[in-house]
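Some structures to go through are shown next.
Two complexes come next, and they have one chain in common, chain A, joined by chain B in the first and chain C in the second.
This part shows the complex of A and B:
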């Protein structure tokens, strides 16, 4: 039984401390949560993501007050009611639309930062795995949200993506119908994706974010040199006032001050997009209402799914689906496929340096080809890029095994 | 600091390459590029597109238009001839052969002179939908070919329209007269019959009976249109967001150039007409633009100040770390 100070006034510091251990919480989560000093602005991407998620959540709540999940009303509730009749409805919608796109840009930067600095190894495997889980959850959230305006691209993307579940030659049409709740995307389809988008997915995402933070606490954040040092010792130096000698800084306020500065720059960029350059996040095709009798000339996903779409597309149906499945799960396996003992920036890791940049460029090429019409030279380039992608992952254990210990 | 800027540079460059590839480049490859012809209606594009069998007829037709264009028209004589047009182009006109004749109150301002000449001479040829008719005289407006047939009469009527029917026109009027016989604009509260009237629920039935009656009339009109054109032309409420402005301009200028075989007639808009119609489409399709332009600078200024303060705080916190 804990000791309770009976003289403590309700809600006084002592009173709360007895009941919630607020001093300990504050120490563990903030003032003595040690972060390496040797970091750059890329280490702020986690907080930038949290802030963007916050913007998506808040703007989403406002949109939810007016959105109508009904196939007859959805399109106009978004494009007319929210854009015209609701005060600042357009602002919430643009924040939500731009946020949904930009959040993936930051996720990719965050991911490639982790890959470049080897931040998925030596105790940090769960950080990587929970991060990848978040990537998948955000993808599901983005896809389900994309259905809601019920425009042409919502409808046809919904048709194409749910069709993937037929499994090619397996012809599992029953599964596809079960997912859609109908033979084609209709009211049942819209209602369930609405539920997923506004309830189930956000709940799971919030849980996964907490878990992601949790996985970070013990192994600590990596640093620019992948240096493995004694956090306890550095923390002691810092607390003794030997800040120059110490290799760490407390999360609050020192690390946070840099995070907030980076966030400031990010918000300038973000709101510039919201006010002056939002078209990239709202595809023109989706401003035509859903029409099951009229297939759009070009069907393509949003930019952040293009690379995996292009791994599906250049192959015949069955191998394509297998390649697509491969692309979806392979990033999860990174900590186990990288056989090198080194935690260091890619630039110091021999062949891995080339692996990293080739992967990045290859995924950008795949992204380009995923949007272009699959004809002529574009198909060929897409096929080669898809094969390179698969080859890179097959080669990864070999080239990392050959790597010399630093 | 230098290292940070170098990293930022790499991130920015890759982001910009990514953006270029999925937006400007991809879109330039996905849509065929159609050059506009500056709203000059001389039939050049029509003749180029025409099949061998029709080429000659088109060449002759547009040569005739050019000839009539050089004749000086007499607006006073034109007014008398125009009286004949009024028997169809009148207030509360009824549907004729699929379409309700539009009001010509601002025709002189909205439409190009050469186009008007061509339209009176042969409506199907002028609007570039002659492929739909065995005999172009069967076009719903084909009657005009026998009513106003001499070169001088045509020049007179056009002179009349260009002087007396060319008053100031609002974007909404421009859309109603030039587009809304076929295209509704529900965000602009327009149907093929014009502005949607204000109606009220009937207290005895609890239903808006007048609205139902109106909707019935609209349905009849739309049905006639769909029968005539093959399908109901799309509502244009938000077309401004669904197509680029360049597409809209070139499409309106010559629908066949973007969508060969379409039933949509060329509307022959003048520069003023095009500007007004596009401005109405922007109003209904992108209504938040004025609000965005007003609020944007304030929000950005807020975050610039926020960032400066954050930088000062960061410098303060990191002052004795290195």
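This part shows the complex of A and C:
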């Protein structure tokens, strides 16, 4: 049995250390968790995401106090009760709406940082996979939350997205009705998506975030040059006081102070949106109550789903669904489709440099086309961009195989 | 004594798996549509007063039902293109009756009496006056709901002989 100091005062440092090993915990989780020095502000996006998730959780808790998951009451509980009656209800709603939108912007920056610097291979595969899992979970969380105000966009997004599960010509209406609990999105649908949004999905997301942190521990964070150096040696130098020679800094307090600086800038931007430009996250069509007998003129998802929506849209149903399914899973395979051994910024990787920038621009084009009505030249540009997206992923193993070892 | 330990492990694992399967089955059934939802699915509509070339929208199982009484020209066109099979004949009149949800992803198409056709604004699908698809992405014409003819009335939700024939020859899919 462990040794307990009989004379330690209750809740004193010694007393807690005997029972919880707080010194060891602090050392392992923060003061001796080593981060490379050679990084830039893009490495702060992880903590920015964690902070945004925290804001979503807190604002969500307050919204939950007045929200009514009932098809007759939901719309008014959001647009009347929370927005006009509840003291500062508008604040929680706008933080929640803006946060849900901005969290995807940061997720995309976080993802493309990883792609650019090659932070998904040579020991970092699980970081990438758990990150992609988080992307899917956040998508499900965003979609289920979008149902809750029960406006026209909620209803029709619910209709269209659940219809995807009929699998086109497979005509699996039974599965669609099972997911909805009704022939159409109704009370059963609203209640179950409410449950998913406020309990099951957040629980799974929190678990996945812990797992994502866990996958980071052994391979460590990548750096701006993809340099593979001896962390233990560098950590020893740092602890000996040779901070200049060492290539690492401790997570806490050194790296965290940089994180907090970036977060400070980010929160200025975030709360500027919350207070002055929240409307970008509030679709005007969703301020009409849900009506199952009237489709809005244009149905489009929130901006962060537009690129994959545009991959679905230009094709006939079955190929469209296959292309959409492809777009949903293909990012998971990135560590295995990249056949090059190099971990380096894209700018030093020959053809991969072009692959990266074309992919980024193509996804931005898809995002814009997804918002425009499916007519004329826009349809054609959308179709070409969708084909380029698929072609890029087919080409990836070939161009990375040809890449010279650095 | 490893055999005995293995046996205990397998017995425990087996019963746990059995319980797990039972729990999954219960969870699946909990997500099923309720019996009250499934049984509230019959609607009677009267076609007697429907005007020609004016789209009438009824409601069945929460879904919009399109009723379009066909003009003489539409009937002649439908006979030529063999799409007459999609129409319901009552007396001498022909009616297009269909679930008003695009077969692509379920938006409600709009009807234009001048072009005598439907356009779905979501993804640009088009249908003619018999609700047969004329432009992708929808994979097929609008689905015809199960119906039984009763004089000039239709009982939606019940399967009459005319509907069964449509199902059998592939004119429509089960809804």
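Convention: the second predicted complex is superposed on the first by the 406 of 406 C-alpha atoms of A that agree within 3 Å, B and C clash if a C-alpha of one lies under 4 Å from a C-alpha of the other, contacts with A are read in each partner's own complex, and residues count from 1 in each chain.
Criterion: a contact is a pair of C-beta atoms (placed from the backbone, for glycine too) under 8 Å apart; a residue touches a chain by one contact, two chains touch by 3 or more.
Since this is a predicted model, take the numbers as computed values, not measurements.
Asker: Does chain B (first) or chain C (second) touch A:272, or do both, or does neither?
Answerer: After superposition on chain A, A:272 lies in contact with chain B alone.
Asker: Looking at chain A, does chain B or chain C touch a larger number of its residues?
Answerer: B
Asker: Go through the superposed model and pick first if A:367 touches only chain B, second if only chain C, both, or neither.
Answerer: first
Asker: Quick check for you: in the superposed arrangement, does A:298 touch first (chain B), second (chain C), both or neither?
Answerer: It touches chain B and chain C both.
Asker: Looking at the overlay, what does A:384 touch: chain B (first), chain C (second), both, or neither?
Answerer: A:384 sits against neither chain B nor chain C.
Asker: Could you say whether A:126 touches chain B, chain C, both of them, or neither, answering first, second, both or neither?
Answerer: A:126 sits against neither chain B nor chain C.
Asker: Please write out, lowest number first, the residues of chain A touched by both chain B and chain C across the two complexes.
Answerer: Dual-contact residues (chain A): 297-298, 373.
Asker: For chain C, which residues count as touching chain A in their complex?
Answerer: By the definition above, chain C touches chain A via 28, 31-34, 37, 41, 57, 59, 61-64, 101, 103-108, 121-124, 136-139, 173-175.
Asker: Can you list the chain B residues touching chain A in their complex?
Answerer: Residue list for chain B touching chain A: 3-4, 7-8, 11, 14-15, 17-19, 21-23, 25-26, 29-30, 186-187, 234, 237-239, 241-244, 285, 287-288, 291-293, 295-296, 299-300, 303-304, 306-308, 310-311, 313-314, 316-318, 320-322.
Asker: Given the complex with chain C, which residues does chain A contribute to the contact?
Answerer: Residues 156, 159-160, 163-164, 168-169, 171, 173, 177-184, 186, 188, 192, 292-295, 297-299, 313, 315-318, 320, 373-375, 379.
Asker: Spell out the residues on chain A that touch chain B in their complex, using ranges where they run on.
Answerer: On the chain A side, the touching residues are 37, 40-42, 76, 79-80, 83-84, 88, 90-91, 94, 105, 109, 243-244, 249, 253-254, 257-258, 260-261, 263-265, 267-268, 271-272, 274-276, 280, 282, 284-285, 287-288, 297-298, 303, 306, 360, 364, 367-368, 371-373, 378.
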